[in-house]
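You will see two complexes here that share subunit A, one where it goes with subunit B and one where it goes with subunit C.
What follows is the complex of A and B.
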């Protein structure tokens, strides 16, 4: 008995709950944004009304004016601005993980938690910094990289253990209680080992491929360095070097742009690692893919169609992972200017965010405590409170009845 | 779905007056959209988050019924689907773990994480997870009312034969194989984690110690698996291991089914090694290259090298399995984990297709035990052993991560 990787992946929560078409992803984000916007506006309106009320009272006395912010509709973030903020914090999460020397799967899991969280929540509702810190701690817990929360908090300036733990429950709920994240790292390692075996003439050739391991090795040694380039002839040692370099480069992509983009929502782990490899060494990536197919295939047959589809999907994913081509052409100064511009942009969004935060969700620590306190009494205590209230109510009614006399029959009916 | 004329809403004041019960039902129905009346916490103001709405939807699918049992770790309730009272479930409400101060306890995460990914007839089904207002996790699990394998093995009033053992063992082997295909190690396989469904199907439960396979060179803790079922490499402190640890435990469960008592019994970890070597011979570099490099390895004295039990021992005690059965059972007990059978190799063994054929699950012998037994088994924390059952091994095992840092 054997399960195919496809079958295993299709049963995963990453596929069932966290894979989207680009359209579904966009519409989910739009819904989240509009829900949060409504909420912020409603909350600000409520605050303003209660303040106006007390204003009118106090204004009669000393005539102070209302703070500016509550006088106008809050200017809420757009979906694009929300995404920029989240992306910026994904970057910060990676830096944090590297500084604290977390394993790469922990960092990648934490960043995905952050991205998954903000599919269903807006930065206007929950402030990204506390969510980021908590998500990274949760990732350590899930990936069995044990650390004490107090130690973790102590290593981040201005953060307490309570702050790290307060949003944990919110995060688990937003993750819909699915914690497994499938990463492309192992796939890349496996592919690397397979390619190394081909280079050494020890390829495990698939039964329907009419080639020998030696033929594969020969072919690989003669691969051009660039797509469409002339055939070369290198030694096995040089080829191994080339493979190592490609894998290292691909791994860097997986640790950075793959987790910082929507790749995990749109593509499977194997598509992601192949895309990263394609960016690192296109010729090798395509050679590896062809080694899984019969030597000559008709593009019209199902196998041929499948191959074209796979290559097209991998290329599409590679576009998502690739650095912006426009950025590549710029000079060093221009790049630096662009970088600063982006930083300022994010800063500006942050300033804007400060004025459209949901006032109800400012203090997560307090909120968490309140929820637990409220809930701690569920069951017995709540029951007794309810009973006491009921008795009081009945007593009051009785007293009222004694004073005013019983309620008169309504609608002319007889009592 | 169209409303019947009787159910269609009437003009509000009259209806509210005349049908208070119905009005109340309507409020409950509408409660998921917003609950302005319940303004005691800030969170209940304004529209709910999308995630709150989703949670609410899941929660409303189930009705929690009577309480079946309570442990230190969880309370188990019976329950059913709201729209279908005949579809029973077990709802395990996790308690806040007082010993663990860093938020939600990791064993709850391990269990939920693993079960969310695994869908197989021989693994307990996780239907849903939802939270109640007090931030407690509720895990909705398959209702398994027919006790567990350990109960069957010990209940002398139930008699069973080779074909029955083959059927149970096969369901266990499939469950373990499926976990390993999905890169998940169970790390606590034993008789009372194997529950029996109403239709006789065996289901592997309690994933509180489960984890995904570690990456190469990333150490794991060796302090897992209940002692009677723990393989020698973990007793010797191995930090790099794979599916072989579960295969050893599986062998122990099958052996117990045949013997009708615990197979490898001891009071301490050191004695457990003795219990193992008494049957399988001493662990030496000859039979297990590299064993002496394990942290807690103690070489046997030169004049006290034990030899494995001869074939006659196996025929005497495990004759029920037949020669092919003895061979496949022994393949799960190879001391060197690299030479031990994998779950897939176990399933490929001719034992399963040889006569006698495994008993169809509907015809398998049953024991009493029922729902209480399920509650008993589900309320434990991963790796925890219930107290007062007369067993020596009463230590609630915790993962000791401090050891990993050394």
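What follows is the complex of A and C.
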């Protein structure tokens, strides 16, 4: 049995559970939104009824009437508004990661957790801020970046350790306990490494490519600077500089727009880094792609079709990663105005969100505590339970101290 | 007369009792020596007391002191009697001995009929030995069978033991087989040496008696010697190469005195394959071929840094991983491959969540859609 690179990716949870077609992604978000809306409405209705109940009771007692405040049907977020909120918090997560100087894979993982979480949950149900903080902390653990929870909480104003940890299990559950996120960063390094080797004329050529390393080097040195441009002739040093610049640019794309878009859901990491490279230096990226296929290739053959398909996929991914072309045409002032406008829009959505939050899920810390074994009223255990536990604990300790250890359970009796 | 008759009538029972308590050799009675122990030798089953055994056989094998018995006995084989009746003792011994030689199991035979026929033959042998019918002939046949089938016998013995303690038995079998092999080799060596010295003697004799060229006689002798020894070596190799399982003694043996029908051909278990930690999977590079060395500043720092190399970190592993990452999913088209599949369990999850909305909470612990 052969295990090729593609098979390795197919075996990952990212492919099995977290890859979608655009339609599936849209329908998933719509379902999540409608479910959350129903939930919020039902919860608000229930709350209102119970409040009315108590009010009528008090009315009967006091003989005075108080107006019902909570009679308006909550105005829930739409799918687009939800998306905007999540996007905004992805941006904030990146900022937070940069401020706290997390490695880029930690930031990327945290942002992906956030995106994955809000595929199946709505911001109306769970507040994005607390989820974002917790997801970033979780990403630290997963990516092996040691950080004490107390330190982490202390560095973010107005956050306690409990608040960071409260939604953690919720997030792991929503991630379906699949913590592995395949990033395109290392792939970019590998590609850069191989392109450098080609530029140096020392590359190990694939067996089915009928070219020598020297031929590849020659071709690469004569690549035009712009797509469709005239062939040039540069030195090896200049070529290496060009490669470095392209890789740096691609890395920036991967760190920003790749993690802020749906690219991880729609494309594989290999395609994502190639797309980022395509944005950085189209000629080099296409040259590198073609170096993976036999030199003369018929478009009708399976290999030819595969090549065309890969190029098309990478281009489609590049469109997703590319900055908005309309935005690029604008001047700096207009860009700033656009940015402010967006901020205001998000703020407005936030205000709206405040009114349509699911009242059941407001206090995550309390919810988290309620799930724990020692859940009690206001953090205190019931007296009898506490007493029984204490006695049990003392008995166990005493027995464990004895020379032969605690007594074995009698036959047929539960231990 | 009547008294005498009376006495003689009463005597046998009394004497029998006394016999049990009196050594037939030294005539000392238990009355005088309460700690007296009686021993028998399975050679002739004549009883005698421990001190007699010590006295007579400490110096080495000696003849049985009982009148009319001329068997040579060894001290080591004397033992206490298990059964009161010496006949039973003897029969048990014989049965044990026969069973240790004829130790095939029912599984070794193709049909039950074959197995029963075999058992009958074995019982015939046992019966002959117990009742002293054709003892010489039967013994000879049995010994011949034992010699020819010793490997099979050893294996069966250890198989029987294996059921009790499998590992120990296997070791024992190995030991036994090794011992046999070693004995074989030793015998062969001995033979060879003997022949060599004989041949040399022959050459010397020839040199002494004939009037020929000394050198040519010596050469001829040497050549004959060499021929012989090489033929032997070939035969020996053949014998050694023959696996334990194919040592030609499988089928009860036409040459031997016994012929057992319907014996299963024993198949050697297939040799164990080497353990494959990957379970038959092999990594294959489809989109890249890796070089041994990549000239890149980023890597050269790590290559020379003892912090990496000391721990056994191999830069080539990083290169392999980076290249594998670069192309894992290169030819995977999510749009095509995912479109067919159900979105995990998403729709059903969504519906359960929606169902939960109207009514009570589904579960306090698992309160989200999963």
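Convention: the second predicted complex is superposed on the first by the 356 of 415 C-alpha atoms of A that agree within 3 Å, B and C clash if a C-alpha of one lies under 4 Å from a C-alpha of the other, contacts with A are read in each partner's own complex, and residues count from 1 in each chain.
Simple rule for what comes next: contacts are C-beta pairs under 8 Å (C-beta built on N, C-alpha and C of every residue); 3 or more make two chains touch, one makes a residue touch a chain.
For clarity, every value in this text was computed on a predicted model and none was experimentally measured.
Under the clash rule set out above, the superposition-derived model of subunit A with subunit B and subunit C contains a clash between the two partners. Contact with both subunit B and subunit C is seen for A:370 once the two complexes are overlaid on the shared chain. Within the superposed three-chain model, A:10 lies in touch with subunit C and out of touch with subunit B [touch as defined at top]. Touch criterion met: A:105 reaches subunit B, while subunit C stays clear of it. Once the two complexes are overlaid on the shared chain, A:121 sits against subunit B and subunit C alike. With both structures placed on the common chain, the touch criterion links A:270 to subunit C but leaves subunit B unconnected.
In the superposition on chain A, A:38 makes contact with both subunit B and subunit C. Residue contacts after overlaying the shared chain place A:187 against subunit C, while subunit B stays out of touching range. Applying the stated contact rule after C-alpha superposition, one finds that A:391 touches neither subunit B nor subunit C.
When both complexes are overlaid on chain A, the residue A:21 reaches subunit C alone and has no touch with subunit B.
The wider contact with subunit A, measured as residues touched, comes from C rather than the other of subunit B and subunit C. Of the stretches 220-228, 274-282, 292-300 or 328-336 listed for subunit C, only 274-282 runs into subunit B once the two complexes are overlaid on chain A. Judged by the document's definition of touching, subunit A residues 1-3, 8, 31-32, 35, 38-39, 42, 120-121, 125, 170, 173-174, 176, 186, 360, 367, 370-371 lie at the interface with subunit B and also at the interface with subunit C. Put simply, subunit C touches subunit A in their complex at residues 280-291, 294-296, 298-299, 319, 321-335, 337-339, 343-344, 346-347, 349-350, 353-354, 356-358, 361, 364-370. Remark: subunit B residues 40-43, 45-47, 49-52, 54-55, 101-104, 106, 109, 112-113, 116-119, 129-137, 177-178, 181-182, 211-212, 214-215, 218, 220, 344, 347-348, 399, 401, 404 touch subunit A in the complex. Looking at the complex, you find that subunit A touches subunit C at residues 1-6, 8-10, 15, 17, 19-22, 24, 28, 31-32, 34-35, 38-39, 42, 120-121, 125, 170, 173-174, 176, 182, 184, 186-194, 196-197, 200, 202-207, 266-271, 273, 292, 306, 309-310, 313, 360, 367, 370-371.
Across the interface of their complex, subunit B is touched by residues 1-3, 8, 11-13, 31-32, 35, 38-39, 42-43, 46, 103, 105, 120-121, 125, 137-138, 141-142, 144, 146, 148-149, 161, 165, 168-170, 172-174, 176-180, 185-186, 360-361, 367, 370-372, 374-376, 378 of subunit A.
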